[in-house]
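Attaching a single structure in structure tokens format; questions to follow.
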Amino acid sequence: METTGSIKLIIESKLENVPLIGGAVRGIASALSLDDVSGYHLELCVVEAVTNVTKHAYTLEAGNSVELNILLFPDRITFQVCDRGKSLDPAKVRLLRFDPQKRETLPESGMGLFIMHALMDEVYYETESGLNVLTMSKYLRR
Amino acid sequence: MQLHQNKMGDVLIVRPLERRIDAATATEFKEKMSEWIGAGNRRIVLNLSEVDFIDSSGLGAIVSSLKKIGNDGDLVICSVRETVMSLFRLTRMNRVFDILSSEEEAIGALSRRL
Amino acid sequence: METTGSIKLIIESKLENVPLIGGAVRGIASALSLDDVSGYHLELCVVEAVTNVTKHAYTLEAGNSVELNILLFPDRITFQVCDRGKSLDPAKVRLLRFDPQKRETLPESGMGLFIMHALMDEVYYETESGLNVLTMSKYLRR
Amino acid sequence: MQLHQNKMGDVLIVRPLERRIDAATATEFKEKMSEWIGAGNRRIVLNLSEVDFIDSSGLGAIVSSLKKIGNDGDLVICSVRETVMSLFRLTRMNRVFDILSSEEEAIGALSRRL
């Protein structure tokens, strides 16, 4: 299907730049007339993905670039997060399991991939000749 | 990350003055909370009225504060925006924390307990 | 002065992509806690600049790329709009002159450069080996 | 670009249903307005309640509609958001157009005239 618009966003791998990507995604959602909660969800998934690249693929080392492609289709919005760092080991995708009554079981991390899978309609991860691409799509009812 | 704090009796009220609790600010949030808990604060209200973005790192920092308080105290949350509330629901953290609409109610809930 | 954050946004030269850049800028302004009117003014200046590149530098021909760098400094935000199309003739910068009482004198175009100069604190345009860069800065009171 | 339209007496009320009047949509806006003016509409209310972004191309399209109406009619604007209002002020177009807070007032202003 043909896109009805697209934009590429690039930041250097520093946590201080992540809110800029996040703000941009929320602003784009608002320009597309999405409601506040949907805009927050899109920002959240992108921020989780970009933070993961910064922290895990580039182990918080500055000087690398994180690229986000946003593709608009008539029925959905697609985000591609690209990096050339360490690849994601699919075994890392975990369920979120804890007992709300037992404080010691509560997770303090490991919720990012869960959130992306829960909020997006489609998530997949591919590595080809050193380029890692996480693709996430959300269908839009407009 | 700027955190406004004040005390009402033995309840510490913490209100982040920034819009985001994310990977860039979570560590500082956690450290400051940890300091106050270390100084003996066991009943804490976290007022999220200014916050319109929390990610998994921010949520993790809040959970970490609750765990640090231990079982002889509590962390109660108030004034959560609809957006941020959706994250608590999605991760089922709304069943871990008492989430109240106003600061007064949150203080009340903590005072009735213990 | 060192930046406290930066991001690069790239679109293909099509008018349909301009709202994506505009939405992104407004979202970033909001993430920086700027008020609505200030956010609108930043979006407006960037949209005027990017539209000009699309319309005038690339004469509405698709397939070219328009690049926006956003640089945050402690005291200001700077936008650089870059293209490799036709350069701007500085003689084109006009004052906005009309008689509000005489409808036939009202301008229907030629207001973009006026708006950028009026709303930004600094605007300049440079061309070096085929690369045109329009730089606009706004000081922030925060 | 979607434009909602209805008539009250001989006043045509036009309300854009999209948030933006910019270079991508200005031409279509201008063409539709031009069609309605060509069909004899001389008193028009433009309700901008849904619009939160207008650029110089959008403003140019609105000015073009006023010029097309000519001197035996008028285009009155209402329900302008603070953001968009700042563009009318900056370009002094607030001295060209009557800008009223509600649709009722805009219709009233047009009816009292002529």
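Labels A, B, C and D are assigned to the chains in the order they are written; within every chain, residues are numbered from 1.
Going forward, a contact is a pair of C-beta atoms (placed from the backbone, for glycine too) under 8 Å apart; a residue touches a chain by one contact, two chains touch by 3 or more.
Only a predicted model underlies this, so the values are computations on that prediction, with no experimental measurement involved.
Novice: How big is the gap, in whole Å, between where the Cα atoms of chain A centre and where those of chain B centre?
Specialist: Here the centre of chain B sits 25 Å away from the centre of chain A.
Novice: With chain centres defined as C-alpha means, what is the inter-centre distance between chain A and chain D in Å?
Specialist: The answer is 41 Å.
Novice: Centroid of chain B to centroid of chain D, CA atoms only: how many Å?
Specialist: Taking the mean C-alpha position of each chain, the two centres sit 48 Å apart.
Novice: Got the chain B residues that touch at least 2 other chains?
Specialist: In chain B, the residues touching two or more other chains are 20, 53.
Novice: Can you pull out the residues of chain C that are in contact with at least two other chains?
Specialist: As it turns out, chain C has residues touching two or more other chains at 16, 19, 22, 31.
Novice: Chain contact topology under the given definition, line, ring, star, complete or other?
Specialist: Chain contacts: none of line, ring, star or complete; other.
Novice: Could you list each pair of chains that touch one another?
Specialist: A-B, A-C, A-D, B-C, C-D
Novice: Which of the residues in chain A end up touching chain D in this complex?
Specialist: 31, 33
Novice: For the complex, give me every residue of chain D touching chain C.
Specialist: 20, 22-24, 52-53, 55-57, 59-61, 63-64, 66-67, 70-71, 82-84, 86-87, 90-92, 95-96
Novice: Given the complex with chain C, which residues does chain A contribute to the contact?
Specialist: 4-12, 14, 16-17, 19-32, 70, 72
Novice: Per the contact definition, I'd like the list of chain D residues that touch chain A in the complex.
Specialist: These residues of chain D touch chain A: 19-20, 53.
Novice: For a test of understanding, state which residues of chain A touch chain B in their complex under the given definition.
Specialist: Where chain A meets chain B, its residues are 15-16, 18-19, 22, 36-37, 39-41, 43-44, 47-48, 51, 54-55, 96, 98, 100, 103-104, 106-109, 111-112, 114-115, 118-119.
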